[in-house]
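In the two assemblies presented below, chain A is common to both, partnered first by chain B and then by chain C.
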Partner chain A sequence: MNESLASVLTALGDDELVLGHRHSEWTGYAPHLEEDVAFASIAQDEIGHATAYYTLLAKESGGNPDVIALGRDKSEYRHAVICERPNREWAYTLARHWLYDMADDIRLEALEACSHEDLASLARKIRREERYHLIHADTWTARVARGPVEGRRKLMDAVGEALPDALGIFEPVELEETAVKEGLWPTPSDELRRRFLDRAGAKLDELGLPTEIHAHVVQDAEFVASSSGDLIEDRQSETPGGSASNDHGGRRGRHTPDFDRLWEDMTGQYRAHPGATW
Partner chain B sequence: MRTATGISEQRVWDALGAVMDPEIPAVSIVEMGMIRDVVIAGGRARVTILPTFTGCPAVPVIEQDVTTAVADIEGIDEVSVEFSFEPAWTPDRITEAGREKLKTFGIAPPTGDGPVLITQIGLPTVAKCPFCGSTRTHNENPFGPTPCRALYYCDDCRNPFEQFKPV
Partner chain C sequence: MDVYEVFRRHGHKEPFEHCGAVIAPDAEMALLLAKECFLRRREASHLWVTRRADIHSFQDESLLEIAADKSYRFAEAYRDVVTKRERARARAKELAS
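And now, the complex of A and B:
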């Protein structure tokens, strides 16, 4: 088994599985019925994508996708920390969904050039499906950003909170250098991160969201284009916390207590009845 | 093509034509355009299937149904079912007959010819009610009961209906 391919597939699969699990928690609780349906469906998509990555991994390694998904210890998961954060409220869920799906689109686009043919065609297929997640997230973000002030403020705060974690999606995967060399991870994570910040910055400009949000973007990327450069410089120096957000850890198996609880819940049934089928 | 044992590919395709999509039992997986190819070597048949959506939960059921249907053919000793995303399944693969049957199931078939560019993927601006044919309809939800369908409502005949998503 190619270890760097395993690393790539594990990171991709774990992101989708863990965030899919979070999305599924809205089933029966979303603010209105249509969003209940939407999040249930998005969750199903993400968990389905995780299954596809794990199936490919199992095919390459001789393992079993269910064991990969649910039979690992907490420390063996390689998802970005943003995926494990609790849903909190609707604004945070929306902000995370928007940032994550944008990030996912950027890495899938890069993966279309993957040297592993099955992974390249899987990325092409998944990216087409994920289009609906992007549309959903963009529609809601625009609706709330252009709506009444309370929602707009909540969304702003939520994007501000989610953004540092979102950058963890681009923490290098394990063995990334080898994976890049072998064409399995065709674009280095640093470059993907740059593309993400460019795109997120442009969208925030488009939505006319105030520069407090830009400050989070700019904090980690001095090159983000904006029409109000001076103001951003000011905000940047006011932003506390510096580059603390750069120390992510999810791709190296370092997770927060939020994941402990999620893992207990997500794998409980499997651990109680290993190998059970229905 | 006829092999040494005399099993023609057509027999396998005929058997597959009786395997229904578990989530849309009015339409067969052949009509859905899900069969990429059938290869026969001696008494062995290999069927390669393109799932409509990656996360389609019907896939294991389809695998089982295909195995059973093909294994029933006299002269076939071994069936293998493979799933592939190359090429990606796109709705233009659904046959004409398949499109008509989707309507009887309350699902508006996908419109347009050929796979669309990724940037053009999205819900159709005009959806045609499968019950009355009206285009006075509106989207209720871009998601629906399965990953491949969106929810609509017909403002003329006042029926809810589903639209197969372009993907």
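And now, the complex of A and C:
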């Protein structure tokens, strides 16, 4: 099969699967019952999207979606590191949900022009559903940002922590050059990242949140957004879960110990009973 | 004057159902008018009114459409589990004997 197509589908599917798994860990623990149900439903949506990407990949490669999802070694996953980070507290989960779904919307919008007809139509379908996720994330974020000072502070810190990892969503996928040339990945990741920073910066300004996007986490600092127009230099803040996140690596299969634990949990059942189905 | 939406229900086990609207100056009057308009023939034993302005809906209702495959949210998707369970029980019995 076309290897650059496989690379694109694997990156997309793995992002959704791994983040969906993290989201699902809130089941029973979310801040209140209604949100528990809503967030579990969003988690299911993300895993449903992963299923759709893997099913397309399996159709193209003759594989099996379950084996792709759960039967691979840790090193074969190509999701961005942000997806594997532990949930920590609600503020971090919310910040990640907000940044991820914004990033996802930007790349799905670009993928609607994909030269592979099935993938283009899948992107359109998924984007319709992600629209609701975006509204959910925006509504929560706006409410917390305007709310009492404690929540606002937590959200601000969480966005600051999640943002460096969020840029890893736009680390080029493997064989990206070929994928771009073939129209499978119509917009290069660098351009997508620029759009993402523009949009995230504008939204943070709108919410009146200081956008301290640290210079040391982005190589091309000229894209850095800031509400004051200034770059805030190297505050050396620690990123969660250790490991320098400014060189990313998720798209090349380089993950953090956070993923080791998640992978054990996520695939344990399937590895104990290979080929098991519902 | 405001528009009040009217809901009524027959008994405690039934859900409230929307049955129409009345125009009234306040909730008290809306209840009286609704009783006369919508409960004249023992249609129900409970009555609610609420100002239309207090009812919220999505501006874009296409958000309510389900875009992707949600078969896993329906019981039919798990029908096969019953067959599998029976097979597993039969196998367990076989192994025990």
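Keep this in mind: the second predicted complex is superposed on the first by the 245 of 278 C-alpha atoms of A that agree within 3 Å, B and C clash if a C-alpha of one lies under 4 Å from a C-alpha of the other, contacts with A are read in each partner's own complex, and residues count from 1 in each chain.
Here, a contact is a pair of C-beta atoms (placed from the backbone, for glycine too) under 8 Å apart; a residue touches a chain by one contact, two chains touch by 3 or more.
Note that the structure is a prediction, hence the values are computed from the model and not measured.
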item: When chain B and chain C are modelled together on chain A, clash or fit; value: clash
item: Partner chain in contact with A:V37 - chain B first, chain C second, else both or neither; value: first
item: Which superposed partner A:D45 touches (first chain B, second chain C, both, neither); value: both
item: Partner chain in contact with A:R131 - chain B first, chain C second, else both or neither; value: both
item: Partner chain(s) touched by A:E117 [first = chain B, second = chain C, both, neither]; value: first
item: Superposed model, chain A: greater residue contact from chain B or chain C; value: B
item: Common interface positions of chain A, toward chain B and toward chain C; value: 44-45, 48-49, 51-52, 125-126, 128-129, 131-132, 135
item: Touch list for chain A against partner chain B, complex; value: 34, 37-38, 40-42, 44-49, 51-52, 117-118, 121-122, 124-129, 131-132, 135-136
item: Residues of chain B that touch chain A when the two form their complex; value: 53-57, 84-89, 118, 121-123, 140-144, 147, 151, 165, 167
item: Contact footprint of chain A on chain C as seen in their complex; value: 62-63, 65-70, 72-73, 77-78, 80-81
item: Residues on chain A engaged by chain C in the complex (per definition of touch); value: 44-45, 48-49, 51-52, 125-126, 128-129, 131-132, 135, 278
